[in-house]
């Protein structure tokens, strides 16, 4: 069994202190979890529950863990990606009553899965995943745990899609909430989280100006329109590429130019992919790019920019700047790729992931989802949408925390809407 | 039986000439219908069909009529609102081969319904409505027509809701397409049509500047965000009111202030309602408004501003300007209401309704919807969504007409999306 | 001697009533003049003064006249353009105590100058011009008046340039304030007045959407950047053309595309000229435009679009729509020119000129300029800038009227600024 | 005499390699200097000149130095601030033929001035300053150098003001170009450089979202409007504070709210000062701020936020996050100050200063300014504006480098403009 992180660090005390500072800052920026913590501490819905988690272990996740613990949970946590763990945050978590953290940055495959197994050794009754690693490991290797598991929550698009595939094969044996798909995550995390954080990370990683750049945004889904709109707001000239005519037309009516990628390649200074698909920027496009073109991916996997194709074209690669690899083409042009084509708002040296306020919303959905699992005995096995009332509850808490009041429907208005919907 | 409009005009020749000019201008701005006209003229799907229509009879509608006629239809048309008919356009239509128009501005109730009946006397096989007047008249008074009717299309939210109510009661006896709900209408007509046309109409009706105004937008649905975003883009300070916390939070994260209407009343210079509900601005709000406040409705019915309440408070009303009524309150403050609270982008003296490009999209959906009805024998009675392929077809025609090319998925990309959606 | 307008109207009573309504509306939207009226009524700086005016006689001008009269002036006024007079406003003014109006729409040349002479027959001691007609007439034909004239104000760029030319030749014999050049006019009238009013007028004159259009703005001075910024805010794709590399680069860094007009001609849907120069859009550009291109001028004279060149190319012209002339080219393409190339925010059938708030600022500068002339005996003959204190006074009144408070420098801050400016 | 930096480093080889990488990246993003380098290499205007420089020694400065060397200059350089030197860049420069660098990070006062003296020991014939340190040192301690100095360039507002004060006292004995004041620097460096870099630095230093924040911008000069406009474009709600009614009114008409700082204090989440003045945010404001308020300075000196006042109010300070100091007030609220109130786009751990494209423009002005000094024998002692032709030349080179062509005035247009300006 894996040891918890504290035992594996050279200087755990310093790590705990540093981690605690990071967590404190995050906590102060997460008013929804703050309000939920008070509520959960009063209601103790998690008394007797063991929550197993496999998440990116950084400060905002730690605030979620604290919130669950305040509600009575025992938490065992590890990472969901070998490189995303912040050891000091992990140590500070491990130092918290009721929490054991096995997450450590840079674990090799064996150790990574040993950490997952160590979490499962706590016999979780609820699971919280970012990528469905816990759910898979349980179904494949630890099916004996399933009987005592009430349910789980999954954070990401990718994880939800994997769970749906399991459910389609009748292979998912406990209920899972698709946190990713609920409006409070989808409409904010993508537009504001990816949109802002990607551009900010690109600006500081390159020290280049967004203003005056021709920015080519591949894809006009929620992420793409976030990037496009904010780049426009920062005084860039924005071009959108799409494969679906409807979002293409929306982009066009929003005042963006729309064209195929190979044409955009000739005009762009900066390219940001947000499609969720592979090979969105290909050798045919690299051929047409100006010297110094900058390429970044904001769309989950590192397959959107065809790096193999680029490497095959290049005569050499250079460390152009921290987080920037320059591919020198035979005619001397250099194409600059950020963060090796991985998520630019997470994987450059200066990147910080999504803004903390966005994580507050996502993780608040996690917390109320877990609460629902702990308290509602009637959920079937399978993938469930977050109930609308929970999504709404989180929105209300956030508005309240920001001091924003809104109107309420009067009885007359409610009646009018009902009447009207049924004909007059 | 009602006479067609030409016979009822004093100077039909001039009317025809004037109407033809308006139609020609509209036609030139409607590239989707233009492309569809060529296609329909080649395929003649409407050969043998009689299309009965009750729509706002103005230039863009005329272009739709022409398009249907090009496809082989005989068309009989009347208005869907006694005040929205443009007599010259109606006359020019009536003068067109294959078209009879009964629409005349300012008809009294009896004459209005006589015109509808005159349309039905043509024994339509397809109906096109804006408000479901034809469908209702047929079901209530002319049920014998139903057997030979293949189906119909409905343009508006209101009409669709009425049809849904009929369908819920199993009272809708032929298939109807809900044109209103399809993305190509909903995402453009509301955001860009209502958004832009309302502000432009307000600006010219009042001769006031949008820049520097505090604009209060009631409702943050598609219409509301169109108005809010464009007012922001025209340099206004925008406040949003809402009753649902999720759109309220979206507005807040977009940088708008959000507050209850009674608070917004104290800050606003210009108020635009877009909620679809009644009594959105009430005496409690009027009480708090500054002298000179301007109120406009962009949300369908004239019930959003509580005009009865306002009248009850006022000591007198003044014709402040064409299209503007000033309500003088006991303390001397004057609240100015545009177009008597009716749709500000239609009902002020300078208003022109939605921009023609937006109507091109909506009416193209009407045309392909009618084509589907003419050619698909298998539609059940009831309300149907526009098939996705038709919506997409219209988007493709529009992009093509604008000279915009987009990317296509490669086989590898298609496979990747499929694989990924089913787990890797 | 010309008769005042009331005597020349068929139905003066109705005209007076209608004009009074328009003036009342304008007055309510002009808080700066409102505040100045109170101040001038208390101080009576114009007691004994006769103010001769040649201005566009419409509602906002009438409010300026009222303000001057409140300060003790006798006013004689006529138009500065034969087509811009609103006869009802002129009649209402003429019906006001202390005012004689000779302005009438559609006067022939002789009558136009007779009206100017009639104004001069009142022996003005102060002149207020829009285009310098009074000043010229006085210097050329009525030099005997000069001795008793204290000074004058000129509203426009054009007028100021003509006065500067006179001054350069030592031919200007009394002091004139260049109202046009002061920040309170220049920064607002151009950016917000021309910017917003032009786009609003274009939208309603054509019934076309600004959203989704490629808008080519010729010139990136204050007018051009107003048009460009607001078109961008209304979801257009904006291209800028320039002849000076600095504003060209500013446009480029603001995210607009910049290119020569002949290239822009191939991309644009809508062209707006704001340069102040002639032949900005030429046959070479018309040749490249798409069918249906729309052309409008927002830059003073009707010389920016080379209409002679266009007419020479065209096989026919059509009345495409009220306020829109279509020029049909030999290959069938049609180029549509708004308002015959005259100011699009003034000269289309729906246009209303600048928003009233903008006129409030400009005319408040006129009022304080006239007050300065009346009370400061020491002004030399020649063209003078509006003293900074007056410009600032008007800004303060406006902020006050809008309920906006600002900070004041503390003594320490003032000292710091002074110290720092003189080195530390 | 100070040793050049290479001799003082532990590992000069690594430093040189690292510095060269940084310089290469910067060079690739600086097309104006790139073009000037070719021109200067051909013309060799600096043959025989020794250029003494005291600048922030980082990568973009190094590209300027290279450009001057290419033109024939010998360059001796040191820092203009003890903390802004990047030792690796300094080493790489020192390793360049024709360059000696004395700049080293963290020098104590004596060593700092010794480095300046070492530069002067090279007997410069041209000086380039950022803060006027060289000019002062020469006039106070090395007046014997003045005779052989042809002139100099000064980069900053501060330096220019100090030079003007000297000139006013007839104490400036050689010609100096005020690089700071020229349009190509002022209009871009402030709006786009400070505007974008400040917000990007704040976002990553705090990991907070700009979207949804109420951002209070103190001052609406060029820097302030850059910050305000871009924060608005990133979906913040923006409030502006001002002491001058004109820019206050401009901000208001641009749709920003305007109010005194003590009122804004109650509404703001993030405060950015850009005034150039002291004590812009004071204890009276701190008293009213919400818990967690974030304060940053983008306005040169660290006096805009009254940190002494804040410290006096606080019960403790905490290291809230790298680059963020939390001041805990007696009632438990915490006010967070970034970078100790120093320039937030330079002084936080992640900050990179202005985007490199902005520095390209500023330093291109330096280069053409130095070229003018080397080649124009007729400049008087005193402060000079950059000649308009040079400013324009740099704009033209930039547009050319970006592939942007613009129109040229025709002879007819030139004549029209001339005629018109002299009356018609």
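Labels A, B, C and D are assigned to the chains in the order they are written; within every chain, residues are numbered from 1.
Here is the rule we use: a contact is a pair of C-beta atoms (placed from the backbone, for glycine too) under 8 Å apart; a residue touches a chain by one contact, two chains touch by 3 or more.
No experiment lies behind these values; they were computed from the predicted model shown.
More C-beta pairs touch across one of B-C and A-B than the other; that pair is A-B. Look at the CA centroids: the one farthest from the centroid of chain C belongs to A. Averaging C-alpha coordinates per chain places the centre of chain B 54 Å away from that of chain D. Rounded to a whole number, the gap between the C-alpha centres of chain A and chain B is 39 angstrom. As a whole-number value, the distance joining the C-alpha centres of chain B and chain C reads 37 Å. In chain A, the positions touching at least two other chains are 192, 211-212, 232, 235, 252-253.
Taken as a graph of touching chains, this assembly is complete, with every chain in contact with every other. Against chain A, in their complex, chain B makes its touches with residues 158, 161-162, 164-166, 168, 183-184, 187-188, 191-192, 241-246, 248-250, 252-253, 258-261, 263, 276-279, 303, 391-392, 395-396, 398-399, 402, 404-410, 412-413, 416-417, 420-424. If you check the complex, the residues on chain D that touch chain A are 21-22, 24-26, 28-29, 192-193, 195-197, 200-201, 203-204, 206-212, 230, 232-235, 291-292, 319-321, 324, 334, 350-353, 355-358. Considering their complex, residues 211-212, 232, 235-238, 252-257 of chain A touch chain C.
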